[in-house]
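Let me begin by presenting the structure, written as structure tokens, before commenting on it.
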Amino acid sequence: MRRFYAILVAAGLVYMLFMFLGTIVPYGKADVADRVSAHFLAKDVNSISPTKWVEGDKQVPHSERVYGRKGFEDGSANVVTSIVVNYRSFDTLGEVTVLFASAVGVGLILGGTRRMKYGRKPNFILRVSTGILLPLIILFGIYIFVHGHLTPGGGFPGGTIIAAAVLLLYLSNEEFSLNMIVSKSLEGSMGSLYVIFGLIGLAAGGAFLFNFLPNGVVGSLFSAGVVPLVYMTIGLKVGSELSGVVAEIHEEREG
Amino acid sequence: MVYIISIILVGIGVYGLMTQKNLFKHLISLSIIDTAVNIFIVATGYVNGGKAPIYTKNFPSFAIGRFVDPLPQALVLTAIVIGVGTLAVGASLLVRVKEKHSSIDVENMKGVGE
Amino acid sequence: MVAAYKALFNLVVAFFLVLSLEGIGRKITARIQRRIGPPWYQNFIDLFKALSKHPFSNGWIFDFGVLMALGGTMATAMVIPMGSAFWTPFPNSDNFFVIMYLFAVGALGMAMGMVGSGNPWSSIGVSRALTQMLGYELPYLIVISSTIFHYKTASIHKLIEMQRGGWNLLVMPLGGIIAFVSLMGMLGKKPFDIATAPAEIASGPMTELSGKYMGLLHIMHVFAIFVEISLFVDIFLGGGNFGWYLVKFIVVWVLAVMISSVLPRFRIEQMIKFYWGVPLGLAFLNALFVLLGWTL
Amino acid sequence: MISLLIAIPLLLAFVSVMWKRLAKPLFFLAAVTNMTVLLASWFPNSVEIHVMGSWKPPFGINLVFDNASFYAALVVNFFFFLVSLMPNLVESYGVSLMLLMAAANGFVLTGDLFNSFVFMEIMTITAVTVASRRENFYNAFKYLILGGIAGSIYLLATIFAYTATGSLNMAHVSMATISASSLVAITTLYAIGLGVEAKLFPLNGWVSGVYGGNDLAPVILGTSVSFAALYMVGRLFGTVFHGSGAGVLYTLALITIIIGEVAALRQQNLLKAFAYSSVAQAGVVVAMISKGTSRAMGLAYFHLTNDAVAKFVIFLVAGFLVYNYKNLNGVFKKHKVLGASFSMATFSLVGFPLFAGFQSKLRIIMELFSMKDYLFPAVMLLATLIEVGYVVRWNVKLWFEEETDEKADNPIVAGTLALILSLLLVAVFIKPEIFLGGAMKMGNALADTKDYIHGVLSVVKGGM
Amino acid sequence: MALSTLLISLLVTSVVIYFISKVSWRAGAILNFLIGVFLISYVFALHIGVTSNLGTLFGQKLQLTWTHASYYFSAVSLLVIVSVMLFAIKWLDSQKYPAAFNMFILMMTAGSLGVFMAADLITLYIFWEIAVLSSMLIVPMGKKESRKAAVIYAVMSASGTYMYLYGAFLAFQRYGTLNISEIARHMVSDPSTGIKAAIFLLLASAGIAKSGIFPLHTWLRIAHGNAPDAFSAVLSGQLVKLGSYVLMITVAAIPSLRVFGNIPFYSGIPATNYFLIALGATSIIIGTLMAIKQDDMKMLIAFSSVANGGYILIGIGTMDPMGFEGGVLHVFNHAIAAAVIFMAFASVVYRTHTKKISELGGLIHKMPITFLAYLFAIISLAGIPPMSGFISKWMIYQALVRKGMFITAFIAFFGSIGSFLYVFRPLAGVFLGQLPKKYKDVKEVPPVMWIPMMTLVVISLVIGIWPFPVLQPIEGMRMDYGIAPTMRIADSSHWLIKGFSGSWNPVLVFNLFIIGFVIAYILYTMFPRPKKVDLLAPHKEEGAPINIYTGGEYIYTPELYHYNTKFYAGFERMYEKHPSWEKVLEMLAKFFHDLGEWVHGWFFRPSPSAYTFWVSLTILIVFWVRW
């Protein structure tokens, strides 16, 4: 009976959302020109009059060549990154905070002190391959977040990959235990760094999270102002945070 | 089509939440709903024939219809991380629930009175 | 000052009239029951005997209760008009409700004194007497209320004057009958004498009375009968001059005695049920007639 | 400067995770700083915005600082400040509380729909953390699930708004033309998404477990966070969607009032009883917000402020009692100050004269009558009647029942705070302007969509 | 001192009194009493028509004004309160919370005075709540049951109060004012009977709840029965009169005869008034029948308060000049009588620690003054001359008979005769009869406790003989409200009280009573002196003559010969299986409780699954409604 009602309700919900679909544009027909993202793509937000824009006077976005040129308001080739770390950087700060909050939460909830022992030897392949793979994984992670403004990826995936390396360590080595002090310090300092970037922006440009560095050539590694720096701090922070979570879960409480 | 799949995924998640007795399955169902919503969000930004919004040598300039909407993607990035955070906290809570109530099955939990 | 003399005259009349009538009543009852019965003046002798004996007292509240009973009843008796406006000692204060409530002082005093004796029979008797009051008073008050409503006055002597045209008993016969039934209860005559029930609870309230207490309460009882019957005569039988008044008084008394001497006794809740049944219903019917103006 | 309200607690949270021992003092520092910032910018009386990264709205994210968000932020930070004065309560939760503070401030100040979602999620996660204190894991988990669902729905609503308007900026969304059916979808989803935090029936299943599970959670979640959530209800349904979907809120809120009070009546646990009462009061506030006029909204927040102050005292005292005594009978004989404050706060809750609740309740009823709404006052008075029942019952139980031998030290700081706040309630009765002025300004700001749009979209460069 | 200053300073003083009482509660109590005495003198010196502003609330002026009604009700209240304050100076040493008692009783005084002074509905409400709140906090200071009593009291009172509030705002919304006389003026010209009736009944419901009229009467039993003993005197003697005041305001200050002239029901009485009268009549029946069977003496008088509240309501409800004055005068009579009775009981409990009639007896020999106080109080309560209680009952009967309301009159008679029955029970059971052995060392209470009782008794007696000082303000009130302003009921120059059906002279009646008593006394002394015998009192020394009916048999357990349980067994048996309204209300409370249980079980307790279900369902319903 319970299942029947569940199916009924779930079906009703699906039906409702299906009806709601009628209110949005059909799949694949999204009109970017009507949305704010058109100007994120064209990197011409500063040259648009917002008052006119919101009144329906949709100005034509710039369509000049971007890649390899200098002097744009945002220097990152990856537009998603430019949104995440520049246009909507505040969201990302929040995002970092969510992760931080959950890491803190996990720490408070689990509150472990000692490495949990499974009493089972990890198998040979795992142990040996870990030694080989670990540097590669970490390197790959670093690559991902350093090139966040150029290629798909960024601080979050990079950090996660680093944390995966730590997880691998935990799986392969019974004795391994993450140095919590280091990870917490890294986490805290990187988080603070992000906020400090923001505050520097506030001091330099009059707005919190203002991009206070030159943007450089779109497409080159040293470009896009603070974006790579922010992504690096995020990468390290997420890496240490998730490692910390992994470590917490592998710990047990006394008594 | 993607819309419908994501909606059905929401339905599945809700169904899972409503029928499952295992708390961890609740968490997974929640995760399914999250994912479904994320898929939905990304789908709303899709433009037929559009490319990933990254300037490369091949696509050095902007034109309407060339790139898909990057904003939903950026939002999804955030939403995913939030989902991860929720999952982590939920999982750790379940570890403690298991310790305290000796089960994570709703029907077998002890000491869950009021 | 004239009023005071009239009031005292009330008392004197009441004393001798009722005491003799009580004797006559005993005689009538005896005759109905095929006995010879005591002489008509027997109650004077009884009273004198009781008063002259050395009594026992159960404490000051016992004395006080008896005094309050006698005093209150005498005060009531002094207000009662005897059949006409002339024989009305206090024409400004002969309001029916005043009389009824003043009358209650005596009842309260008696009840208090008797319970003060500490005898359980007395208490039971008092409890019955009070309950009984709840029975007979209600139909009675309703009937009198409709009378007052009809004549637009509660002053007894004015009511008497209003009845010049015809007795109230004839104007509202239903009411008159009900009032008489209630009067039976007031007098404590059979079938409504459960409160004193000599055979079961040793005369109830009076159990502990001895000597002059018995005598004083007897006097109080005499005045009480005077008040009750006088009210009936004044309100329903149109009063009349002093002579007529006496005649009517005697007739009512004899009737009551005759009825009571052939009837057995109601149990207490039977009595209440009786009064709250037909008499109360008829009293309301009477009230309805009065409201609608359907009086004779 | 406004961004500091979020940045400072966030920064200090990041710092304090490195030095755990500093968490409590840093929390205090953050609270003091925030209060200072707020006091320095007392009632802006206009719509000021702070654009993030200097991307002008509607493209970038902007913080909106008007009378409404100022007042909300003031109340929110005020309670954090009070909590920060009580180290015993904070324990090791300093970091979480700082994050919660940042999130609540962000939630209140932000002018962006998605951004508000992010802050809501931070709030949920930190609130879950706080709720899990004293091994209250299962209830925290339930809260997490419900919060997660709400978050998803809120996100969906945001996306619907985005596809309908092409923007995430609240001011822009509020002025954009949205088709009627689209609006229904958006507001329905928002109503449900916010309903969980706003404690609307039947989305409030978590409340009793979370508020009743430990002594810290209700004190902060029942006051600050709940204020922030209800602020957002006003902002979204008052400013952004111009009262569309208010009917839903109104109906749900009326049911919430009765359900909350009825559930509180039977409750044997002191904390939970008042948790339910908090549900009912939220119902009153939401129903009032759904009326949509500036006066109604102002009164709603006036009521909410009174309720929050009273609830702070109640939960503070109740938390102390529940976790120090097994048998609560007659405990106030040992803690007279706590008892007096508790009684005053509960009486304010009911709306007895001499206390602040009287002012707000009567004003609300009066306002409703002038709007020719006869149902809501009746519901409210019925609810108050039930409230009288349990409030008196608890007071009698805590004051007059035979006491036991248990003994606990008097908490000096908490006692002082409770007393001061309960005297504040009396002061508000005598001089309602203490809260009323701000609340009315808040109501005006929330109802004045035009001003909001103008303020947000015409200012190119945000001030400090 | 302006009225507002007086009230506010009283409120402040009450807090000060608390701290003084913390140091020495006796000082606090004495101070309280002095304040009370000051208040009485203040009240008597005030001129009718004085007004004072309390401030502004919601843009409405809060006004106090001193009318005949304020004067009358305040004076009656203060008489009762001050007596209890004096009583408390000694009595408080048996109490656990003397300091709080002192504070709250003063606060309650301020609240009550404020209610009587209020010129508009909201001021009335504020002070009303203050009075209720502070009294509600005194109630649970009693024995164990009193905790529950406080809750029931609060809820019942609140249910009336909130209906009142609804009515007040309804009136405000319609007429734009809260001032009572303004509302009255508007209501006369308002054509919509339905709304007027709604306002009328809603406003009246506060009074109904507070004065213990039928549907909301059940709190009286438990609250009056279990409150701290001396405070029951205030509860029953004074606080209940707040309800009567509100009823009087709604029925008379809003001229109900004119306002509802278009819906006459019976003999010129509008249906609305008649509805109230019916409620009052029901209260009389319930109060009387229940009082008769109580074993707890305080509960007995609590039920009698229900019945007497009914009398007041009936009297006022008729809006007949006689009825109105009778009803209002009954406020005085019942206040004094109930206060004395409860103080007498408090004295008994103070000495014996029980309030069960079945456990007491024979206390007259130990506490004669208390007994006398009780005796005179019940004479007044039962409406027997020469105490003042008779006057009001007489007036009410006049009105009822004049209007031809025979059924109501029947109920009033029933209540009156019933009151003989129930007031006699404590008299017989507690004071008369056999003294249980354990009370053989009981002593009379100290003068501080019996002086207030006797003072009130003397006042009642004096007013019973010479009622004109009390009737004067009542006539003033009647003139204020324009009820037959040409008619004069109290004719003090001829010492007469005049009704439609005749008059009577209270002085004469008293004199007759005295003469009767003197004659009886003369007769008494004429005949042989009695020999004093003891009751069945084995604690007396051996050899004393004992009760005659045992024939000299020595009895060791006199308690068993004391007839005090089920005193009216024969009558009680007739309504053993009566329906209980209290049970109905309990069921209502249980319903809410069960509803809470149900809500809790369905929405708050279950697993996340159920939460999801409800969330989804709500979305669906909202969707279904709105799509």
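Order of writing sets the chain letters: A, B, C, D and E. Residues in each chain are counted from 1.
Basically, a contact is a pair of C-beta atoms (placed from the backbone, for glycine too) under 8 Å apart; a residue touches a chain by one contact, two chains touch by 3 or more.
Everything numeric in this text was worked out from a predicted model, so none of it was measured.
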| message | Once the contact rule is applied, which chains count as partners of both subunit A and subunit D? | response | B, E
| task | Considering only C-beta pairs in contact, identify the chain pair with the most of them. | result | C-E
| query | Of all chains present, which has the mean Cα position farthest from that of subunit C? | reply | A
| message | Suppose each chain is reduced to the average of its Cα coordinates; what separation in Å results between subunit B and subunit D? | response | 28
| Distance between chain centroids, defined by C-alpha means - subunit C, subunit E (Å) | 34
| query | Centre to centre, by mean C-alpha position, how many angstrom separate subunit C and subunit D? | reply | 77
| message | Can you compute the centre-to-centre distance for subunit A and subunit C, using the mean CA position of each chain? Integer Å is fine. | response | 105
| field | Residue numbers of subunit E (touch at least two other chains) | value | 607-608, 612-613, 616-617, 619, 623, 627
| Touching two or more other chains - residue numbers and ranges from subunit A | 5-6, 9-10, 13, 17, 24-25, 30, 35-36, 40, 88, 91, 94-95, 98, 101-102, 105, 109
| task | Mark out which residues of subunit C touch at least two other chains, giving numbers and ranges. | result | none
| task | Let me know each pair of chains that touch one another. | result | A-B, A-D, A-E, B-D, B-E, C-E, D-E
| note | Per the touch rule above, subunit E residues touching subunit B in the complex are 605, 607-609, 612-613, 616
| note | Contacts from subunit E onto subunit A in the complex sit at residues 613, 616-617, 619-620, 623, 627
| note | In the complex, the residues of subunit D that touch subunit E are 141-142, 145-146, 149-150, 153, 181, 184, 188-189, 191-192, 195-196, 201-209, 245, 247-248, 252, 259, 262-267, 347, 352-354, 358-359, 362-363, 365-366, 369-370, 372, 374, 377-378, 381-382, 384-386, 388-389, 392-393, 395-397, 399-401
| Residue ranges of subunit C in contact with subunit E within the complex | 7, 11, 51-59, 61, 63, 66-68, 70-76, 78-79, 90, 92-95, 97-98, 101-102, 104-105, 107-108, 111-112, 115-121, 123-124, 126-128, 130-131, 133-134, 137-138, 141-142, 145-146, 148-149, 152-155, 158, 202, 207-208, 210-213, 215-216, 219, 267-269, 272-273, 280, 284, 287, 290-291
| remark: The subunit E residues in contact with subunit D across the complex are 11, 57-58, 122, 125-127, 129-130, 133, 136-137, 140-141, 146-147, 150-151, 154-155, 158-159, 162-163, 165-166, 169-170, 172-173, 589, 592-597, 599-600, 603-604, 606-608, 610-612, 614-615, 617-619, 622-623, 625-627
